[in-house]
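For clarity, chains are labelled A, B, C, D, E and F in written order, and residue numbers in each chain start from 1.
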Amino acid sequence: MSKKITTIGEIMMRLTTPGHERIFQADSYMVNFGGAEANVAISLAQLGMQAAHVTAFPDNDLGEKAISYLRKMNISTTHIYKTSGRMGLYFLENGTMQRASKIIYDRFDSAFAHFKGDDIDWEKVFENVDWFHWTGITPAISQHAADLLLKALKKAQEKGIKISGDINYRRNLWQYGKGPLDIMPELIRYCDLIVADKSDFENCMDIQVSDWADACFQAKKDFPKIKWITKTKRESISASHNKLKGVLWNGNEILQSKTYEITHIVDRIGGGDAFMAGLIYGLLHFDEEKALEFATAASVLKHGIPGDANLVSENEILDLVHEKNVGKLLR
Amino acid sequence: MSKKITTIGEIMMRLTTPGHERIFQADSYMVNFGGAEANVAISLAQLGMQAAHVTAFPDNDLGEKAISYLRKMNISTTHIYKTSGRMGLYFLENGTMQRASKIIYDRFDSAFAHFKGDDIDWEKVFENVDWFHWTGITPAISQHAADLLLKALKKAQEKGIKISGDINYRRNLWQYGKGPLDIMPELIRYCDLIVADKSDFENCMDIQVSDWADACFQAKKDFPKIKWITKTKRESISASHNKLKGVLWNGNEILQSKTYEITHIVDRIGGGDAFMAGLIYGLLHFDEEKALEFATAASVLKHGIPGDANLVSENEILDLVHEKNVGKLLR
Amino acid sequence: MSKKITTIGEIMMRLTTPGHERIFQADSYMVNFGGAEANVAISLAQLGMQAAHVTAFPDNDLGEKAISYLRKMNISTTHIYKTSGRMGLYFLENGTMQRASKIIYDRFDSAFAHFKGDDIDWEKVFENVDWFHWTGITPAISQHAADLLLKALKKAQEKGIKISGDINYRRNLWQYGKGPLDIMPELIRYCDLIVADKSDFENCMDIQVSDWADACFQAKKDFPKIKWITKTKRESISASHNKLKGVLWNGNEILQSKTYEITHIVDRIGGGDAFMAGLIYGLLHFDEEKALEFATAASVLKHGIPGDANLVSENEILDLVHEKNVGKLLR
Amino acid sequence: MSKKITTIGEIMMRLTTPGHERIFQADSYMVNFGGAEANVAISLAQLGMQAAHVTAFPDNDLGEKAISYLRKMNISTTHIYKTSGRMGLYFLENGTMQRASKIIYDRFDSAFAHFKGDDIDWEKVFENVDWFHWTGITPAISQHAADLLLKALKKAQEKGIKISGDINYRRNLWQYGKGPLDIMPELIRYCDLIVADKSDFENCMDIQVSDWADACFQAKKDFPKIKWITKTKRESISASHNKLKGVLWNGNEILQSKTYEITHIVDRIGGGDAFMAGLIYGLLHFDEEKALEFATAASVLKHGIPGDANLVSENEILDLVHEKNVGKLLR
Amino acid sequence: MSKKITTIGEIMMRLTTPGHERIFQADSYMVNFGGAEANVAISLAQLGMQAAHVTAFPDNDLGEKAISYLRKMNISTTHIYKTSGRMGLYFLENGTMQRASKIIYDRFDSAFAHFKGDDIDWEKVFENVDWFHWTGITPAISQHAADLLLKALKKAQEKGIKISGDINYRRNLWQYGKGPLDIMPELIRYCDLIVADKSDFENCMDIQVSDWADACFQAKKDFPKIKWITKTKRESISASHNKLKGVLWNGNEILQSKTYEITHIVDRIGGGDAFMAGLIYGLLHFDEEKALEFATAASVLKHGIPGDANLVSENEILDLVHEKNVGKLLR
Amino acid sequence: MSKKITTIGEIMMRLTTPGHERIFQADSYMVNFGGAEANVAISLAQLGMQAAHVTAFPDNDLGEKAISYLRKMNISTTHIYKTSGRMGLYFLENGTMQRASKIIYDRFDSAFAHFKGDDIDWEKVFENVDWFHWTGITPAISQHAADLLLKALKKAQEKGIKISGDINYRRNLWQYGKGPLDIMPELIRYCDLIVADKSDFENCMDIQVSDWADACFQAKKDFPKIKWITKTKRESISASHNKLKGVLWNGNEILQSKTYEITHIVDRIGGGDAFMAGLIYGLLHFDEEKALEFATAASVLKHGIPGDANLVSENEILDLVHEKNVGKLLR
């Protein structure tokens, strides 16, 4: 039986300008859906895991469309709710060459932001689940969302499920009266694995960072359940050319993956989520070193896939790890 | 020197599914912009009049895009403001055959809804203006919008400008605590011309309607400045086939236009605004009977133009009025 | 708890020329999936029923794509198998005006044609199922397919499930050495409801038809389990304009639905399957007369939806039955 | 051995707005090629005849593209010349509903207008040719073109080839100093068959027309080689709905075809050329009455095909003549 | 109050093949508009300057479309004229990899080439203008165009406006009987700033060039008003990969910008015009060194924008100058 | 008179996902046609040679479409046959970045596989032919195809025509009961030139390869007619970035071309066929060294052209050989 992942979080409709057009130029948009947590679930479903996502959508045709997207991607929609409120949106202009990519969020007052989830049967949500993943975006959206997440974390811990959190500090969110330090530490306490870089440590964990390794050791002291801390190191030569490697602190030392040159980038949105999914898969199936290489290679491949989600198989990722069939023609 | 129209109101980004696809099916959207009042201004600009529109857009690339749309359509953007708030949106699934068209509005909390317009120099807005047009959508959006409109109406009246109002009662709006009868009668009092049918009379003017002509005479009593009341009569055989005629009460009698068979409909959104623009143009340039025929023919032609706006010339409309070149091939 | 339908049959990838282009002209194709039985299941899923489909796809990315289509459409894929063999295809040129539509089938040697289904747990397939639907296309494909279907029918009958069969005689199939009269009568014996017209009666049931009602009574004698026989009557004024009504013989008399004018046809493929789905839904939820009107209205709406499947809700169909909102603009 | 047609004339690149967009709206164009005479040749090639066309294109990639179009359409390009000068263009906005279609020609100074054809081996051009077709557009373009055509006509007559001319008077052409009456009568003298209506008789043959039949008899007197005179009668209810019939005067009487309702028109450009091709094919293979019905049915089907050329087979046309398979689904 | 630029020159409709298709392959074209001078005006309008352009278009829907393009781009169209003549066109095949880009011009006999501009009120054209920009393409088109430009230069100088000229020698133009040395020296005499490289110096200024700096000093002697001479140095590794730097001679010394690697080029047309606009903006707002860096960075960004015009903001350019946010994801 | 090439082999319809989409994502396909041998013929037709191809297509609209493709590409279709059987297909997902390209073949039971070619007049096929080219794909398809090819080779040799064979071993073919060593050696015996690398030598010529040069000398011994053996050396940094050089053994020594960096790859399918065509052209017109450089440059340019066929001119290839105009803008 394959392993099972559950995620929770908002999913937005993504409206992308075609080709290399700017928002100012575009007379049509491509429709996709994305959310940091669901992106992870979809990647893992592609890798053969069972995957479920908990969220709320507006009770209209846009909500139906979003649900059908999840079904298409093989995500269980048993715990998707249809409520009042609007569909969160984001408009994306993919950068190219030296020009940066640009996102305009339009997500306030979404169905998810107003979702209390009183009817959720958490016992059922976490039945047979092996791993639960959340991100710092959810508690930044609304008090309801923060409360919902806390309930989920408690139940997940109670059932002995592995928990990962992508801290993902976003200055533009957190508009409902609470700050990240009011909320995040309590949530992070449940995590076995977190994604955190300087800004996350400082804003969400109250850890000042001069050296990332030191910060990791400090985090372990403050949040003793944490077993792994991870991040990617991305160098942006241009929007079409990045360098990427993965880094994993395992309580003792820092592991580093190969560094990849990623040129001719198609779509970098979701690259971090692809890394996260790869790492979860790796930690469930491989040793730490291989897990990290797997995660990084997964993230690299994501940059060539249009949309938020990483639609690649285990074999395709392993081929890249082993430098096999790279860019070849497979008949 | 050509005549000058000024309009005020929200403009939304319209996201339309391609071809005959349902929202559930669409993986891309066509981008347009529309708003009942701006649609009128654009039609009149196409007819050769000077046209200006007063509104607010969010201060981001979507707002810039919207402004560039108005400029392209030859609308003066001198009195367009960029403020905080979001871009109002609507999602459109064009009906076909017996299937109805469907709109999902996503317009709450828009830049326009929050716009106070304190900086507007109304003297300048109405300089050399011949006609001012508004609709009942604006005061239904927010108290700010209702206040803004009232200021505009006062100044327009003060300057002796002709005023038309499309009552356009929408049950789903009016969510800010006031009802239409709290607000609309005061605004209607400024009008020379209104568009009103049964639901408008009853909900916005407190006139019960068993007979439309009687209601018109009653309206004249209650709102003595009104000179004309108009409406279109549309029969919907299917989403692809309508019948349409225009009706104009001129204080004495009811004029009726020819009835048109409109088959193979491309896009009916804005058909009413095209009628309104045609009527304003007609009343400024022709006698009442010709004005009404002109307005109805204008509306008919709109049904063949993709987008909200009626992009036809005076000659094209007059040709249809005179049954000349109908559907021919012009070399 | 909503009712549950199960269907069995081949699903082909449909490659449609864009717009009104001929196959000779087309430099791209739109991708859809369709199969007479799955089309019924999808229609019923849209109407809120639980739906499952049994089939086999090739074990490659095209098969994965097909499965994801079914998931998107809310069809349970628990009993979808991935085997060797190719994806059945059909190329479609949608007719327009007086020009007929044209299909080139390319379905021989498909995964489904070679599928034996030895691993199917029929008990599980039919768990909690209320209705089982099949068509005469399946036994025409291969001996394996005919055998598979017979097994399914036996189990369905054993479990007291209602059974419908769309006889659907296709001269171009039946190439594996057996003729329809060798195979079909045994299968028809299990049916409560069949779709049959002259050609079906004669070729698959050995009943000569001068009068359809007489043929129905004869069918009842030969296949005593049959309770209903149905068909649609379509008049083709052009590819863009048909007339359609539904007919239902209920053992006693012939019921007839309203006749619809269907103009501006978008896509007539699947119109019969939409009727069938509507009738199944209707017989499960309404009386016979309403069921027939519901089925016919469902089929009418299908003609406006691109693709094989009828993506309309119960309310939309009932509105058409009641001549409400026909072709209107719903905000 | 199939019959052989040769035609002569300019071919323009056609730039069509997508969907129902106006030129003012279009941000892309569809590329086609068309010319009244080549359209006839292509129709006849589709019907199985050998077909060749004589013309000149600019010696650049646009010319290459045009030649490849003719090859694709199975037209012999042995007598296509590449010269200096530009590619003639026309911009097309397809009408819809009551709105007329609109063409902007941009054809002056084309390679064809400057083409003298001194190197043409006319003996070879007309080897084994059964029918030669020209139109009044060619002599209206330039003196060179008129001279070229005269040479062709002389050689064709010398070799006993049947000759047809579509008079096709266009007021906007004829800008090189000669008028139609200076040029056309000499050319018409070679024709067995002409297409002519009132405007053609008056402007190109100096025959005043009160009654078409009378004009035909007068034409026979003035141009004794003429055996048939033909035209179509088109009634334009709208750009999407025409009525059409064909008329043929055979020296004695006027034959008339069935009248067709053509609704849901896709592209009417080339409808007359399709009629002409059908008539040539008909007169070569059938009796006069059947030829006329064949020609009219061919023209009807053209209205459903995007582009200038009629891409239908003999069987498809005969089916329509016999009211067989009209608008059906052919598997 | 922002600074004001005025430009003069022809604007052509640009027809670009989609994707990487060759002209031979393309069955559709993307529509844009471009002209070296208007491209400069549009860039400067995007940077927040007031911008106006003087030109003539054909009096048809193509002309209207071109005007609407300028309005959309925020260019004042007060001095746009509609005359007889055709729309100048150019067909573009964007190169990729080692394959060069290819332009087929089709611009002879355009409305602009025949435009005399007798009605232009030059006083009004240059009211409040800070900078006037022209290119050597205009006087190469026709005697009328050369005369028009001379009038403009005289008035601009009279009003103390800064003047720049992009010499831009094109061998294929200059077909009206005059050579560049007959015309250009008189025009260059009015310039404060010119763009000139070897071919320009030699063909338009009669200055033989072995060393560019020497040529600049010689130019200063011959044309004493010149204050700056500029050019870009482009190295073409492939159509997808160029190196670019800007060079500015300021009367004393040669300044050089950073050299940029430009990979993954989307559209290099207008790269020089973007540089020119950046330099004008820079010289009006910054010191010479910063102006040059600004100009070069502006040109780099243009290579990532489809179409002729550089649609980037001052901030985006400054970010690149300061190596900030290069290719990042801006939320 | 230009030289003439004849090729033989299957042509498949190629269905390519748009942009960088995976097959799992694609909802439309681009339609092309390709076959290793026909690709060579088309390249050579573009270079100005006469070219003909021998094959069979299904007798339906897909076959007609395929034939029209060949005509468009200027390939003589005199020896194309229409038979029963299906159109061979292949589905292509173009790789990007590190992700490999992927082909799903669907070519079994094609018209070509069943084609016996009994009616072919081989004397006529090889009239005036200078070069005959085949590949190892043909004899791998079916016994009929192997027999057909053998007949062709005998006649070609009899007439003294130069013969080239691209060994092109494909493990997935060869399913009709014979292995490559049963068939290939007899066919290779006729060749003057072969393309062969390690896998080809070993599987089709029974030559074990430790060193390619040694294998060439051995091949010469076993197949004494062979004069040249060639291959390309491709290094795949990623799907978007390859390095390529050509290698030619001429009986004495190994010639090597320049090595090209190919970045920003658009479509690598047919790169080998473009090399082959370039080499044939080169050996017919240049010396061996120039021929090899020409072939390699031709292959490089193919990587920038969408579709299977290399649509470049002799001049464009020579420019690249001479490093002239590389990636420039040609006006």
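As a convention for this text, contacts are C-beta pairs under 8 Å (C-beta built on N, C-alpha and C of every residue); 3 or more make two chains touch, one makes a residue touch a chain.
Please read all numbers here as calculations on a predicted model, not as lab measurements.
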Contacts common to chain A and chain B (chain labels): C, E
Chain C against chain B, contact positions shared by both copies (same if over half, else different): different
Matching chain pair for D-F (criterion: over half of the contact pairs shared, by residue number), options A-F, B-E or A-B: B-E
Contact-richer chain pair [A-E vs B-E]: A-E
Centroid comparison with chain C (C-alpha atoms), farthest chain: E
Centroid distance [mean C-alpha coordinates] between chain F and chain E, Å: 45
Chain C and chain E: spacing of chain centres that average the CA atoms, whole Å: 62
Per-residue multi-chain contacts in chain D, two or more chains: 22, 24, 27, 68, 102, 263-264
Category of the chain touch graph - line, ring, star, complete, other: other
Those chain pairs that satisfy the touch definition: A-B, A-C, A-E, A-F, B-C, B-D, B-E, C-D, C-F, D-E, D-F, E-F
Residues of chain D that touch chain E when the two form their complex: 15, 18, 22-24, 26-31, 60-62, 64-65, 68, 86-87, 89, 91, 93, 102, 104, 106, 108-109
Of chain B, residues touching chain E in the complex: 68-69, 71-74
Residues of chain A that touch chain E when the two form their complex: 19-22, 24-25, 95-103, 105, 170, 172, 236-242, 263-264, 268-269
Touch list for chain D against partner chain C, complex: 260, 262-266, 300-301, 303-307, 311-312, 316, 319-320, 325-331
